[in-house]
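Please read the structure below before turning to the comments.
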Amino acid sequence: MTRVTVWNEYRHERQEERIREVYPQGIHAQLASFLSEAGLDTATATLDEPEHGLTEEVLNNTDVLVWWGHVAHQEVSDEIVNRVHQRVLQGMGLVVLHSGHMSKIFMKLMGTSCDLKWREAGEKERLWVMDPSHPIAEGIGEYIDLEQEEMYGAHFDVPAPESLIFVGWFEGGNVFPSGSTYRRGSGKIFYFQPGHESYPTYYNKEIQQVIINGVNWCAPAKRDYPVYGHSEALEPIREKVGV
Amino acid sequence: MTRVTVWNEYRHERQEERIREVYPQGIHAQLASFLSEAGLDTATATLDEPEHGLTEEVLNNTDVLVWWGHVAHQEVSDEIVNRVHQRVLQGMGLVVLHSGHMSKIFMKLMGTSCDLKWREAGEKERLWVMDPSHPIAEGIGEYIDLEQEEMYGAHFDVPAPESLIFVGWFEGGNVFPSGSTYRRGSGKIFYFQPGHESYPTYYNKEIQQVIINGVNWCAPAKRDYPVYGHSEALEPIREKVGV
Amino acid sequence: MTRVTVWNEYRHERQEERIREVYPQGIHAQLASFLSEAGLDTATATLDEPEHGLTEEVLNNTDVLVWWGHVAHQEVSDEIVNRVHQRVLQGMGLVVLHSGHMSKIFMKLMGTSCDLKWREAGEKERLWVMDPSHPIAEGIGEYIDLEQEEMYGAHFDVPAPESLIFVGWFEGGNVFPSGSTYRRGSGKIFYFQPGHESYPTYYNKEIQQVIINGVNWCAPAKRDYPVYGHSEALEPIREKVGV
Amino acid sequence: MTRVTVWNEYRHERQEERIREVYPQGIHAQLASFLSEAGLDTATATLDEPEHGLTEEVLNNTDVLVWWGHVAHQEVSDEIVNRVHQRVLQGMGLVVLHSGHMSKIFMKLMGTSCDLKWREAGEKERLWVMDPSHPIAEGIGEYIDLEQEEMYGAHFDVPAPESLIFVGWFEGGNVFPSGSTYRRGSGKIFYFQPGHESYPTYYNKEIQQVIINGVNWCAPAKRDYPVYGHSEALEPIREKVGV
């Protein structure tokens, strides 16, 4: 059974009444709720716990980490970021949601600024499936309609993805590469744009399905970690003349 | 005219007689020599200069940076690495040679460990062209033979490249993705494996041609840097009922 | 100087008054006009000429072929399609415009149905630049606005492109991968979606710039065609015991 | 349970004694044997059966088709090739083995010549895993050694793959992209180079594992086929002034 840890900075929900109304127990609780129902072995961790809830033990027992952060990216310690980074390279899956695009861990894995355009105007988004044969799109129709979502707009400063699964159409005239996959080391990564804290996006059944699919796609296979370093010759090497 | 800065840590050549015999003025001098002859506006910079020779002014006047480092990666200051990183994202090209695969700047751009197998056994390498339609392979036949080169072997822990241009065949039985391109932000990156300090690889005319091609391919276009951040709506947004 | 041949089926313009008003000399004449002004050595060819204007001689002297077709795809002979296909594999560039997505030559190169959604409703399109570092986007701002264009919508049944340069936002709620590049054999291919026959799209200066960029990007390098077939061993092969 | 059809032209084994000694019941029988043991619902089909054994009914009940052909590619009828092609675009997986690289179906899906270098010299091949995180490499160590295999050498004239999983090192000095994946329409494709008719390659347990993995990776998901064609607007379209 895939073991999922949902990480949330958990600040908006404690500090702002209108956000708490949307996610009374925190965004992590809502994410964990539908992931559990989908049969995943799910736990949560938040920024203000010791070691941000991401101890060596927790990470060593996590197959896929789900990440939601926004206003407190800089409060995540570099030590924990490095720890998560190592685990991803060794095969732990990572699902980065919405404003997690500027988290330290995502930026470290991408190597770019991860910047984008944005607008909070309560506008409609339609997420079009661009790659219907991808497992992350399984069970989704041609598109997902969200009555309101924060606009994230191109250009999005990330490396070219392995697969571009969704493109978001925004009422206000923008588009965005809303669902993309990457591999880094032995780890698989899925970035998914929807999920602004002030809208009930994570109650939407289709959005939930995409996140469940994303977690399943990111789950690591059971295999050995690659061997690096000095390596003996496998074939005879001829002596070179005059060397 | 493309402005190239060749950066070299310049330690082996000063500390080891047998390396100095191969590159009496340093690897950077040899690289700069054939790049200049190819009509590129070429300067050099080395680790032990102030700011490693990579001041704001130098970088602002560099179109493509060529990087050779090996034993002193950790001596490159994070501040300079961040400065180079910013310039790459803004469009400066970067050619990373041989053991530069473990340089801080390459690791930061890749987001992975950049680890590999290696062996110093004086063995033959044959670099096969895998993508003959790529500009970096222009003027090169089907392969390049190197009488002796350090073995670098798969698995190479980097993200999937934009293009895989060369694969190295090694006498001792290994293969390696020896020439690959990446784009990060507005910058283009070319990694090229040959060039161990103890072999005269950078005197080889075909290797020189590949590096010249790589510099030309990485040269930035003249264009505006993308705009990120808050963005007004371009189309009318309908008021949502009951929100 | 890059030699361009603009191919057009040239039927709408001769048969329909309202189309002729937009392109009195044919779409090919308008395309050739701005390509010539950009310094390209440009000729035209049309369906109803002998061999569709694409004789061996014409193709052997063409560096980049631009293709516009719509209602008469099936009238293009398989022999000519095979001839164009061979030339592309040998390095001739190909720019496929708008409804050319269902041309025999594009389908043969893609290996898929090349099908899509469409709607002719005079709606606005905004072409967003998704890859600002690509040469084909040079000189273009963040997006191109077209007051009216035929809607082409995802899913577009083509292989994953080498680069996705534009995504179209349509007023009616759809998105489309509007500019993509491919390489097949030694040839480079650029597909660009705008250009419905009833709208004056090819008079738009930015659209013209993209097509000029596309032709320049597709232009072949001067190099040898790869060698295939039986090949002697380059290294000694040991006799196997008991074989 | 995934339903597999193994297709073989079945000529070498009937016409040449030395090949029959290696595969007495035909290559298809040997492939079917280990695929069945792996729990796959496996059947076979051969060239000289009516409709080459690939009736509408057979294909409609096939999830993944495995293809081995060599001397008789031209005897496969275009009608059957088109039928297989349609099924792949609709989601049927396709595993193409060894000399199947020049089969009509593979060439039609790739859009290129699919040509390569070759040499039958009984030389050693070492298949290096280039992408250890890919499911097709699961259960395989760092490489697979084959005492003897036909040399297939770069350049291989196919489009850039989705993933490059294996590169073959050949004793005689060549390399080859020996395992690659593609997606075309809703179908997944895996090309795998080993398997010359005169060597006992398909008795090798690791080669068998790769082929089993490839079949499993290519198996289609249960989902709807994309909808193409005319499409009504999803958002209101404003009337344009003066049009």
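All chains are identified by letter, namely A, B, C and D, in their written order; residue positions are counted from 1 within each chain.
Everything that follows uses one rule, which is that a residue touches a chain if its C-beta (ideal position, glycine included) is under 8 Å from a C-beta of that chain, and two chains touch if they have at least 3 such contacts.
Just so it is clear, the model here is predicted, and its values are computed rather than measured.
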item	value
Interchain contact steps from subunit A to subunit C (minimum; 1 if touching)	1
Most remote chain, CA-based centroid, reference being subunit B	D
Which of B-C and A-B has more C-beta pairs touching across its chains	A-B
Centroid distance [mean C-alpha coordinates] between subunit C and subunit B, Å	33
Centre-to-centre distance between subunit B and subunit A (centres being mean Cα positions), rounded to whole Å	29
Of all residues in subunit C, the ones touching two or more other chains	126, 132, 142, 153, 155, 160, 162, 171, 173-174, 183, 185, 226-227, 234-235
Subunit A - residues contacting subunit D, complex	91, 126, 132-133, 135, 137-139, 141-142, 162, 171, 183, 185-188, 221-224, 226-227, 234-235
Residues of subunit D that touch subunit B when the two form their complex	126, 128-132, 142, 153-155, 160, 163-164, 167, 169-170, 173-175, 177
Subunit A residues touching subunit B - in the complex, by the definition given at the top	89, 108-113, 115-119, 121-124, 147-148, 151, 153, 155, 157, 159-160, 162, 171-174, 182-185, 226-235, 237-238, 240, 243
